[in-house]
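Look at the two complexes coming up: chain A is in both, with chain B in one and chain C in the other.
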Partner chain A sequence: MSRVAAIGIDAGSTTCKLVAVDQDGTIISSLLEPTEPRVELQVQRMLDAIRAEHGANSSVRTIATGYGRKLIKDATRNLTEITCHARGVFRDLGCAGTLIDIGGQDSKVIQIGGDGRPVDFMMNDKCAAGTGRFLEYTAARLGVPVPELGARALSTAQEEPISSTCTVFAESEIISLIARGAEPDSILRGLHRSLVGRVVSMVRNVGIVAPLMLSGGVAKNEAVREMIAEATVEDVILPGEPQLMGAYGAALLGI
Partner chain B sequence: MSEAATLSLPSRLEVVDHVRSLGRALVAVMPIHYPRAMLRAHQLHPMEIWGPPHVERHEGSRHFQAYTCDIVVKAMSFIRSGGLDATKAILVPHTCDALQGMGSVLGDFLQPDQRVLTLYLPRGRRSSDHEFLRRELGRLARTLVEVSGHEPCRDDWDEAFEAEDAADAALADLYRRRARLAISDRDFYTVVRSREYLTAEQFCDQAAALPEGEAPQRGVGLMISGIVAEPALFDQIEAMGAYVAGDDLACGFRRVYSASAEADPLERAANRLLTSPADPTCGTPIQVRVDTLQTRMRALGARGLLIYDPKFCEPELFDVPLLRKHLNAAGFPVLHVEFEMGDRLPYQTLSRIEAFVETLS
Partner chain C sequence: MTRSEALPHYVESSRLEHFVNYEVLGKTTLRVQRWRDQWKLARRRPRPNSPLNPPLRSVAHMKEIMSRHYLEGRYAAGVRKVAWVTSGAPTEPLQALGYFLVYPENHAALCGVRRKAQGIAEEAEHAGWSRDICSYARTDIGAMISGKTPAGRLPRPDVLVCCTNICQTVLHWYRVLADYFECPLVLIDTPFLYQEAHDHEVAYVKRQIEDMICVAEEIAGKSLDETRFRDVMTNARRGAELWLEVLNRSQHRPAPMTAFDGFIHMGPIVDMRGEAVTVAYYERLIAELDERIERGIGAIKEERYRVLWDNLPIWFKIGDFSKWLAERGVNVVASTYTFAWGELAPMIDPSQPLDSMARVYLHPILNRSTGHKLASMRRMVDEFQLDGVILHSDRSCKPYSLGQIDQRDRLVKTLGIPALLLEADHNDPRDYSDEQGSNRLEAFIEMMEPRG
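Then we have the complex of A and B:
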């Protein structure tokens, strides 16, 4: 008999994640891929793979989250990222607190209660500023690979302030800074500061209940972590697999 | 999603033909509060304009700051594109600075073919506010005689008040009967909002015809606050496993007036307007709003408050932080979302509402 008790799917705008858990809520398998244009077909392929790997059949409860959640035909239920991230992080870190999730398309601040459910939340969903896309887009202009962004930003004490909050205008500002001879790492440091400024303003609106936790793909960026801690004067803690927390929470909610 | 609507409402064009056959002329009216019986006594019929759909913003946006709400901008576009050519006058109550600006731009600069009427509304309930409103209504009544060419007699006033008071009572009764009406939220608010263009008699007939039975509401009860909610929102809320337990909408419950028995028409009209429920555009103190909302939410079984505002609606925005603070302290979560009228609700907005419903589940 299969050990898979539930499967969580996070069909995000940048990456697609699947997590399978056993009856105790322990992760027994996970998959992560860049999101393809036909996310429903991609998820089906990933689901088939994870089911085949563990001998699970289609009756295993499958919970979908993320922007593509409503396209997933095999999902028993779909839930928003807010609920799933809160549950995943609560289980992984074992505490209530304030979660910052910086995803590819939006960023969220979620106050998690003592039962792992969201108490309050705020989303930046109106533009790319304050999301992973902001760093990705502007870094492309500097020719720096995404995994190197954080280290490069922290490699210098020099910081070029970026005054444009709009991603497109920030790109123009970068071009001007390059033309004036500014160092790419100093520009990167300024870009990180700009993103963190947007996120921290949301954190202040929701209110900080310690500890401060970070999830989403951008959580892997050490400069973002350090600057958030500096701006909030709080320690920032991370779950084991920050990018999987949405899918993990979805799977937990399926048990 | 609900079954297909069972409602059979006359269209706006049918209502226009009907009121003309009664010898009444049309007056376009901007939100929110105005003396309906006074218009009727002058042989005039109000057609309210709450951000008409399928209207581009650009024609109207030329005349206002970029941060002016869609209700005003779209109405201006509608006027400039000839959408109100069938009306004899445009009444612009001083509901907010944006509407006051609209009244000034229309009256002082654009000067459309229709007569532009303004109505300054007081921001309180003191005796001085009552006196001010009475004088304003007197000024409006004199202008309406010029617009309609009709000076109402005693019988005209009595007939008008009787009809409009009956429609006001029918609206109040709809809210009282809500839990026993076997109709979806979308249908309920379609009927509530038909008061914006139906005659008093037509509205009473519609309200009386609604079927009683088991209400289809299931799931999490929400209270909705704001100016206006578009029909698609109700379908979405239902699909999310929630329902509207009650509202604090300017196009809805905030216009449940009480009748007055005063003999003097101006006194009677002023009394009616001053009985409107708590409303930030009428200067209701925040604590009164909080208390009223809490009491109603408890009574109606609403678990949270969804504040759903058109972008840049200042009178609503001013109250949001304090409403959130006080209602949160009372155990009622609050979600504030802004929308652009007529646009399809974006995924992000729907996701936020859905997440809110999940937190309340």
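Then we have the complex of A and C:
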């Protein structure tokens, strides 16, 4: 008999994640791929793969989250990323607190209660600034691969301030800075500061209940982690697999 | 060519046109339409797939009353004196003098509900009005310039009455109207209240109302009849009392109507307060709500969560929101906005009309401190047994949206219930993102789920 008790799907705007858990909530298997245009077909393929790998049938409870969640026909239920991330991080780190989740399309601050459920949350407004897309978009303009962004930003003490809070206008600002001969690493440092400034503003609105936790793809960026810690004067802790927390939480909620 | 001449769509009607098109044909047609609507509502079969219970039967009467009002507006110019007034203007003396009243804000909301507001507002934007201006103002200025309106036609004003108790935008908006229509503008300045009004503030507003009456009498060519004025005040008080009763009926579980119904049924108290037809309408509505309460019929089929709405509605989304929320077991049972037209009823004193009017028009929720609104919201959470609060952060209405971040914070921290700040606009669909809005609303609903 299959050990898989539930499967969580996080059909995000940038990456698509699947996590299978056993009855105790331990991760048995996970998959992560860049999101394809037909996310429903992609998820079906990933689901088939994970089911085949563990001999699980289609009756296993499957919870979907992320922007593409409503397209997943096999899902038993769909829930927002707020609830799923809170649950995943609560289980992984074992504590309540304040979670910052910076995803590809949005960023959110979630206050997690003692039962692992969100007590309060705030999301970025109708704008891509303050999200992973902001870094991705501007990194492309500078020709720097996304995984190198954080290290490059921390490699210099020089910082070019990016005043625009709009992703598109920030790109124009970068073009001007390049034209004036500014160092790409200094521009990157300024970009990170701009993103962190917006995220920390949301954190202050929700209020910090320690510890401060970070999840989502952007959690892998060391400059973001360092700058958030610096701005909030709080230690920032990360779960083992920050990118999988939405799918993990979804799977846990399916048990 | 003067600006006034540049508005050819504002035409005057003859008494004959008014009589034939409104009194005879119009009223009769609307009555027949109401009978037809009532017949349809009475024979409407339950819809198993709808999350909503059948609509209130009274809606047929409300539609007739409001349509009749707007229909008369088409033929009022040249027959009756016309005043364009802000929603918080002291209109009772104008009604007693026989003025036909146009509420541009209500007209803009009508454009919003019919999803015509954006196109009309763009007329104003093309003429140079900034998108940062209130979408009500842009809608009405656009309608004035272009003549586009789902109401058919609005009558040209003989006088404009602008009261600043709802916002400061109206001051500039009405100056624009005065400039275009080349007619007198009466301004009623209401000092902002941090606490209850002081006597000198009441005296200050009363004096301005007296001045407004002088101007209105001169334009109407007659004096204010005190008996008629007192009758209007009596109806205004009774109408407001009844409206408050209507809203308080939703304290019952399940609530017999939603705040979205309230946004529609508030039409008469906004546009026709002081008229006997409004009193009669709310008496009818209360009787129907009581019947629903007695039979245990709620506005939605499965009321799992009861929610408060703060700020103006998102007019172009009320139908969608009502259904979408009901599908998820959410009944928005109360709203600070609809209460604004009822909560001051006890202040209206027909035996002291001017003093009480001055007091009433100083105390609307938008002319009072953010702390007052927070206290009202807390009281409503308690009285209506609410599970959560949606605060519509309205891009257009700054006075209503000011303080919402702190209010939300206090509600969450002191009452321990979820509260959501939803960014949108009351009339401009370009300022609302469905995907982002529904994602936030879903997370908010998940937070209201019972904790195990």
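Worth pointing out:
The rule we apply is simple: the second predicted complex is superposed on the first by the 254 of 255 C-alpha atoms of A that agree within 3 Å, B and C clash if a C-alpha of one lies under 4 Å from a C-alpha of the other, contacts with A are read in each partner's own complex, and residues count from 1 in each chain.
The rule is short, and it goes like this: contacts are C-beta pairs under 8 Å (C-beta built on N, C-alpha and C of every residue); 3 or more make two chains touch, one makes a residue touch a chain.
Remember, predicted model here, so these are calculated numbers, not experimental data.
When both complexes are superposed on chain A, chain B and chain C occupy overlapping space and clash. Counted by residues of chain A touched, the larger count belongs to C, out of chain B and chain C.
Contacts of A:Asp115 after superposition on the shared chain: chain C is touched, whereas chain B is not. Of the two partner chains placed around the shared chain by superposition, neither chain B nor chain C is touched by A:Ile178.
After overlaying the two complexes on the shared chain, residue contacts for A:Ala229 are found with neither chain B nor chain C.
Legend: residue contacts after superposition of the two complexes on their common chain; A:Ile82 is shown touching both chain B and chain C. In the superposition on chain A, A:Val146 makes contact with neither chain B nor chain C.
Shared-chain residue A:Cys95: touches no atom of chain B or chain C. According to the touch criterion, the shared surface of chain A, contacted by chain B in one complex and chain C in the other, consists of residues 67, 79-83, 106, 117-121, 123, 125-126.
Those residues of chain B that touch chain A in the shared complex are 328, 333, 346-349, 351-352, 354-355, 358-359.
Per the touch definition, chain C reaches chain A in the complex via residues 405, 409, 412, 418, 421, 423, 433, 435-436, 439-440, 442-443, 446-447, 451-452. Here chain A touches chain C in the complex through residues 67, 79-83, 106, 115, 117-123, 125-126, 205, 207, going by the rule given at the top. Chain A contributes residues 67, 79-83, 106, 117-121, 123, 125-126 to its touches with chain B in the complex.
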